[in-house]
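One structure coming up, written as structure tokens, with questions to follow.
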Amino acid sequence: MARVAAELRERVSRANKELAESGLVVGTFGNVSEVDRRAGLFAIKPSGVPYEEQTPDHMVPVSLETGQVVDSDLRPSSDTPTHLEIYRAFPCGGIVHTHSEIATSFAQARLPVRCMGTTHADHFRGDVPVTRPLTREEVDGEYERNTGLVIVELFRTGGLSPEEIPAVLVANHGPFTWGKDAFEAVEHARVLEYLARMEVRILTMAPDVARPDAFLVDRHYLRKHGKTKYYGQK
Amino acid sequence: MARVAAELRERVSRANKELAESGLVVGTFGNVSEVDRRAGLFAIKPSGVPYEEQTPDHMVPVSLETGQVVDSDLRPSSDTPTHLEIYRAFPCGGIVHTHSEIATSFAQARLPVRCMGTTHADHFRGDVPVTRPLTREEVDGEYERNTGLVIVELFRTGGLSPEEIPAVLVANHGPFTWGKDAFEAVEHARVLEYLARMEVRILTMAPDVARPDAFLVDRHYLRKHGKTKYYGQK
Amino acid sequence: MARVAAELRERVSRANKELAESGLVVGTFGNVSEVDRRAGLFAIKPSGVPYEEQTPDHMVPVSLETGQVVDSDLRPSSDTPTHLEIYRAFPCGGIVHTHSEIATSFAQARLPVRCMGTTHADHFRGDVPVTRPLTREEVDGEYERNTGLVIVELFRTGGLSPEEIPAVLVANHGPFTWGKDAFEAVEHARVLEYLARMEVRILTMAPDVARPDAFLVDRHYLRKHGKTKYYGQK
Amino acid sequence: MARVAAELRERVSRANKELAESGLVVGTFGNVSEVDRRAGLFAIKPSGVPYEEQTPDHMVPVSLETGQVVDSDLRPSSDTPTHLEIYRAFPCGGIVHTHSEIATSFAQARLPVRCMGTTHADHFRGDVPVTRPLTREEVDGEYERNTGLVIVELFRTGGLSPEEIPAVLVANHGPFTWGKDAFEAVEHARVLEYLARMEVRILTMAPDVARPDAFLVDRHYLRKHGKTKYYGQK
């Protein structure tokens, strides 16, 4: 158990550094976590500690079952209950939250990052959607937990696959992305920002342009992710 | 007194360097000051000296009471009378002025940087407002002092709290930000630029989108600044 | 033959590194190839290998005649059949494909990068065009080969010269550029991105502005490329 | 004479390097010159030589009277006749030409960079104007010389002061700036780019916003440039 946590902390610390170096976070904003489902634990960034001071020991293990901190005197990221609800509902291994400039602009404009081409389809099989705004009760109550529940609700009611679309924009807040582990979640955060950057230009220059055909999106998604994928070596 | 000034100069010099490294200033533009209210002094950047040549000895102490330079042969920043009026009216410890690209664009467009999401609400509890243009009399007279007075007037007549909204855009000029000390003022200048960058995109892509609910703004502002704040350690 | 391939691999490896350093590629996206027409071979980046790990030995030689890999156990870039069709139809020496941010935005917006001034005319004698979208049959069939055929079709039916306009945008996909060798193709990819960046601004600020006169475009194109060129030394 | 040229070449070489480091030039584009009016010479960048290879010896002296190269086997920049006409008509000491991204976008959109605030007024006392397009005769004839003549015509017929507005946009081409020496001309090129960057945002967000009052523009211009200037030390 202690060894599991040590390895998890080391990986999460490394992924947080990778996030900090990606230019996607401002100040102490943003956080990465990774789960070990057999151990029933995830580790997450502590709250408000500057990225450059963070060591693996700062990463806070949290129980998947109880949501309580395990073996640490530090407070976990204030967004921890959001991560918890996502781990409980979606079959993912790592989660990232940022206030990255362009994806957050879309969250604030309450616009999805639409799938407009092959760069998008190589990573996400469809639009990256926006949640509904939280109600007063949800904000005044367990706000961060409710943020997670609203994300899960969006995927459930919209019939979206969290494996094929591992990203979401929380209205007036910012993006969450996930992946098979913390590093893939960081990669998805980086790609989402890039796609959003292109979508700004499309909305400005050609807001009514036709969307790519579904068969093109599928071809690209499946050449990288399907059983018959043929991108990369092996 | 001399020791107070020495410490103040050293801090202000450091904060000016931090500002220069932030990418928010062009050439010799921009300035940072910090006040020691017990000593009745603030120290500010000298006028037109390149950032890379500045040492603590270049920082110019100015009397809060008389507005006169104390113990220095250098001219203080030409914006010194603006800083003076802000220190006299607002309970802050440090002030920053920049011509940072995006916030200055808003000042020139005479548009506020609206509070459109949680990144904003984490720092400013409401829109960052724009002053009215100065009159011919105000410009032809004590121009820099009148700039300060117009800022103070805006907050007074608008019922705005300079503690909850520590930033302003001077019409056709640029942003001033403040904080509990010079370093927080620099941080606010940096965040304002980031928020403005996002607001450009919202105005372009979704100019009529609904604003976030007040209860969301309050929740975020208060989780970082209120008596019941729960962000960060301890 | 082996020596030819070795030299080609070394050059292509170097050009791929130059592309990676240009900021035009994200992750493992993008690829460069160069052809040796006498040897009947071109060499291209392997599929999905991180740029920083690539050595000349990783570059994959491909036969111009058969399209088959020669002397390598690695899979060539998945876009190899597109390069093959371009080499077969156009008299060029090197080809580059990227998902560079702005040119890809144009491909997704299905807008040409118009020739709006002398910077453009110095490199491309006219608009950089967009292909038609591929049909379902083309996508479900030999997709990458058909991409190349659609590029060639566009130049043939449009009466465009691949020598005077060594660049194209594939609808909903991204740019391909070519040149007399791999390095000129990289240079064209870089210039195209720059021109697209300016075109975004023109479309935003002055969508109806008059285009430059043809005699200005010709003057600039010919002062760098024509028989009577007088730019540069000698 | 030889010593004059040596010093001029050294200064022009240094200013060209400064321009290259400013990020305002792409490839071998852009050029800086400086004049020694007593010696009747200006020195300018050679045509098409990469910035990193340039030494003072590469800089080409040109006679103000004849426009001929003096003491050099290299070809001067192809834009040399434009510089020559500007030196003949305007009382300046250095000239810069770039294809910098945003200022060139304005030249292509045939829009002036308007004076919208104090950052502009600190450097240019009014809008930076755009020339008319050149006629077919002007382009087919002595094109580069005619470019200079069209710039001079614009200032003459518009009653503009080349000392108060040391910058221009040539339609569908790009910016030229000048100053008391080559280094100030580079500084003006850098500031123009920054101002243009802000003007893009104003045109996008608030195209109809009121312009700053003339008395504000004058106040700022004169506090830095007038006889009664009070910016800087001394």
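Some points to look at:
In this document, chain identifiers A, B, C and D correspond to the written order of the chains, with residue numbering beginning at 1 in each.
Everything below uses one rule, namely that a contact is a pair of C-beta atoms (placed from the backbone, for glycine too) under 8 Å apart; a residue touches a chain by one contact, two chains touch by 3 or more.
All figures in this text were calculated on a predicted structure; none of them were measured in a lab.
Centroid distances built from C-alpha atoms place D farthest away from chain A.
Homomeric contact chain A/chain B: same residue numbering on both sides for under half of the interface positions.
Copies chain A and chain C of the same sequence differ in orientation by 90 degrees, per CA superposition (steps of 5).
Here the spacing of chain C and chain D, counted between their Cα centres, is 34 Å.
A straight line joining the Cα centres of chain B and chain C is 48 Å long. Looking at chain A, one finds that residues 204 touch two or more other chains. Pairwise chain contacts in this structure: A-B, A-C, B-D, C-D. Chain C makes touch with chain A in their complex at residues 26-29, 46-49, 74-75, 78, 99, 101-102, 104-111, 133-134, 136, 139-140, 143, 171-174, 200, 203-204.
For chain D in complex with chain B, the touching residues are 116-119, 122, 187, 190-191, 194, 197-198, 201-202, 204-206, 209-210, 212-213, 215-216, 219, 223, 230-233.
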